[in-house]
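Labels run A, B and C following the written order; every chain starts at residue 1.
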Amino acid sequence: MSDTAKEPVLKAQHLSIVFGSLRAVDDFSLEIGESELVGLIGPNGAGKTTVFNMLTGVYQPTEGAYFLCGKKMNGKKAHQVVAAGVARTFQNIRLFKKMTVIENVKVAMNMHMSYSILASIFRTPKYWKEEAEMDAKAMELLKIVHLADKADYVAENLPYGQQRRLEIARALATGMKVLLLDEPAAGMNPTETAELLDIINVIREKFKISVLLIEHDMSLVMKICERIQVIDYGITIACGTPEEIANNPRVIEAYLGKDEEEVLC
Amino acid sequence: MKMPKEKLISYLINLVGIVVLFLLFVALFQSGVLGSRTNYVKGIFTTACYTIVLVASLNLLVGILGEFSLGHAGFMSVGAYASAIFTNALAGKGLSDLALFVLALIIGGVAAGIAGLLVGIPALRLRGDYLAIVTVAFAEIIRVAFCNFAITGGGRTISGITKLSNFYWCFWVMVICVTIMYMFVRSRFGRTVKAIREDYIAAAASGINVTFYKVLTFTISAFFAGIGGAMYAHYMTAMIPTNFNFNYSAELLTEVIIGGTGSFTGSIIGAAFLSSLPELMRQFSNYRMLAYSIVLVIVMIFRPGGIFGSWEFSLVRVLKKAKNGELFAKKNKGGAENE
Amino acid sequence: MAFSLFIQSLINGLNQGAIYALIALGYTMVYGIIRMINFAHGDFIMVGAYTLFYTVPLMINHGMPAWLAVIFAIIVCVVVGVAVEVIAYRPVRGAGSLSALITALAMSLFLENSAMVLFGPNPKSVTKIFDLGSVEFLGAKLQVKYLLTIGIGLLMMVALTLFVKKTKLGKAMRAVPQDKQAATLMGINVNKIITITFAIGSGLAAVAALMYCSTYPRCTIDMGSMMGIKAFIAAVLGGIGIIPGAMLGGIIVGLVEIFVKVYVSASWYEAITYSLLIIVLLVKPSGILGKNVGEKV
């Protein structure tokens, strides 16, 4: 990070959301600096994905505000949030299943394309130029996630791990500043997880982006996160470096329950 | 950047294919082999042309956007009435027939497009069956309105619309309309709309303004339905709002599905075949609709994606195969739908 | 006079609404279980009405009350409904909602054209079914059979609600749309439950046909299709899949139709009914009694 006190890339202040009588997330605050990788962990149903949904415009927070590079994002729709620079992947993979791998990536580039409907009908030089440029860019991204040779496959035919990587490529194609990864390693075997780890590192190096990561695979989280925030029942219970979190009694309690002996045996 | 050479050649091949097809039709009608039935057959083919435009435009909604409308005849009627009122006002004012026809088509398309925009903005907040039922409601409202306005005949037949649709013109209008829709689908716009069909939440998370693209597609679909309506009005020369009822909308939807959702080849063949089927079976008049419904159910049971699925015919592909000697008894259907 | 016209319209509207409600119940039951708009449902009414046309004189000739003919109508409708479900709908289940929709449209066409071949294109007059006379009520002439229609509608609604809530079969019916696989694992024969639902829906259509024919003693080939659309709209208006919603929606559509016809405009009443649906759906997409459920992200 730079030496001056720079504005964090993503800043959430006291976010809360209420569904009916349930306070799903309460007083959630977070700051992510440039090129920083922050982990968001917590037991199932703790409200992690809800945080993501608030940060990406899917849900509007009931209270609190969040900022991207100092700009207030409350009230913005999902696609506007993406245009501003926050992209995400989904816990339960959401690809455009019946479209090819490269098409999946190109869809996310749509907002960087500018040819008009008339240009598409008459197939003007601009159409060919933009399409060719985007093809090249998409292939580059697919190379990063090791899917270049699968460009013309139909997305739903890819194995699970590759689908997850395609989602990352699609998110990258939006050209965002902050990438939110929702359990990217879920359902992956150790080899695939290791590959994913490499990819995340390459991405951070190449694009200088910040990453917020939800993950259940603790070894992955401990390995790559610079800071970790833990929530339980929608409330932040701990914040700190991986070592601090690993030794925090409240975190252990949240994960394992109060009666340690009972759980451990 | 210029068009890749390969693409240019394939476009030219398709153009040649279409011209050859057109010349075949001209030869068929001019040679007189059909004798006294020439005009009757021409009529069936003209019907097929405007039906193709209507079905292809509905396929934009059903196949590409993945929403189904049961009120397409409503937009068609807006185009039909707007264009008929326009030509009645301008007939005999010195415009050539072709100029009048082209203007009528544009007026019909724009009027229906505006209707599509007005309906689409509120209605597209709904999806699936709810959207379908709302399109029925809008189409019925349009029908009731046309039954009550004096300018649209006040519920009675309006007749004496100038006959401008002939097969040759309609053929080219159909080719142009289908080509435009095809080009739209095979561009960033079509890609975006397909993404919305696949998963609208993921599409929004990829920076796509879902509402905008849905309304855009709905409007374009209505625009071409209006053109189809204008072709219809100037072929029939007389019409009544009940022509554009729920049953007609359902028939159009059926033709889309039977042909294959998302396939323009399917729309062309489905529309051409199903619109002429009742004519061909005229001697069994009582049983033809019965047979039609049974055929529908059988297709749905054995080919739920429609006869062509999302497959597109490609003249270039056929030629390539022919060159390599791989062509086994594959019939050349010709058409505007290939890239 | 003005007041008696109001009462008269109210009764007429409720009568009309009760008929829509009976049809809407059939739509809602089927939609609630397999998420499919059964476009052929309206045509079941037509089947019921033609059955009545042939069986009512038969009953009268044998000295029995005319309305007992409804038993035949119910039997015929149930047979037709179950046959449609098993032969046409079951094979396309799982092929997507569009295929189901087209199949339903095709069955609607099939039933109408079969009727055309069997009964010819001319309308038929059904013999008078109820001879109950009328009573004077607040200055309006009130037909007793109208009260009967409204009463039967309410009775059916209550009976169905209790059936679905309390009986084992009803519980199975509610379980199937939640999760077909889980229902199968719990030992529920999904196909059987769906068939039973169709049987009940078709039976209701026969009762609706009886009430319709007692008000408008005419049957035509296409009587079912438009009435079906309106009844479906009623079901959507009230909240599709919800039994009291169908009743509420039916009554609203009936009342609006009659009141608009009488007080506003006889030629615009349909447009106003449809506008009402659009407004309700835009404000509350799941209908008046429906629950809003967003998609989980």
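The rule we apply is simple: a residue touches a chain if its C-beta (ideal position, glycine included) is under 8 Å from a C-beta of that chain, and two chains touch if they have at least 3 such contacts.
Because the structure is predicted, anything quoted here is derived from the model rather than measured.
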Chain at the geometric heart of the assembly (C-alpha centres): B
Remotest chain, chain A as reference, centres from CA atoms: C
Centroid spacing, where centroids are CA-atom means, of chain A and chain B in whole angstrom: 42
Rounded Å distance between chain A and chain C, as computed from the means of their C-alpha atoms: 49
Distance from the mean Cα position of chain C to that of chain B, given in whole angstrom: 34
Sequence positions of chain B contacting 2 or more other chains: 201
Set of chain C residues in contact with two or more other chains: 297
Chain A, residues touching no fewer than two other chains: 58, 90
Residue ranges of chain B in contact with chain C within the complex: 62, 68, 122-123, 125-126, 128-130, 132-134, 136-138, 140-141, 144-145, 147-148, 155, 201, 246-247, 250, 253-254, 257-258, 261, 286-287, 289-290, 292-294, 296-297, 300-301, 304
Of chain A, residues touching chain B in the complex: 56-58, 77-79, 82-83, 87-88, 90, 94-99, 103-104, 106-108, 110-111, 113, 115, 117, 120-123, 125, 127-132, 170-171, 173-174
Chain B - residues contacting chain A, complex: 1-4, 7, 11, 180, 183-184, 187-189, 191-192, 194-195, 198-199, 201-210
In the complex, chain C residues that touch chain B: 31, 35, 37, 39, 88, 91-92, 95-99, 101-103, 105-107, 109-110, 112-114, 116-117, 225-226, 229, 232-233, 236, 267-268, 270-271, 274-275, 277-278, 281-282, 285, 295, 297
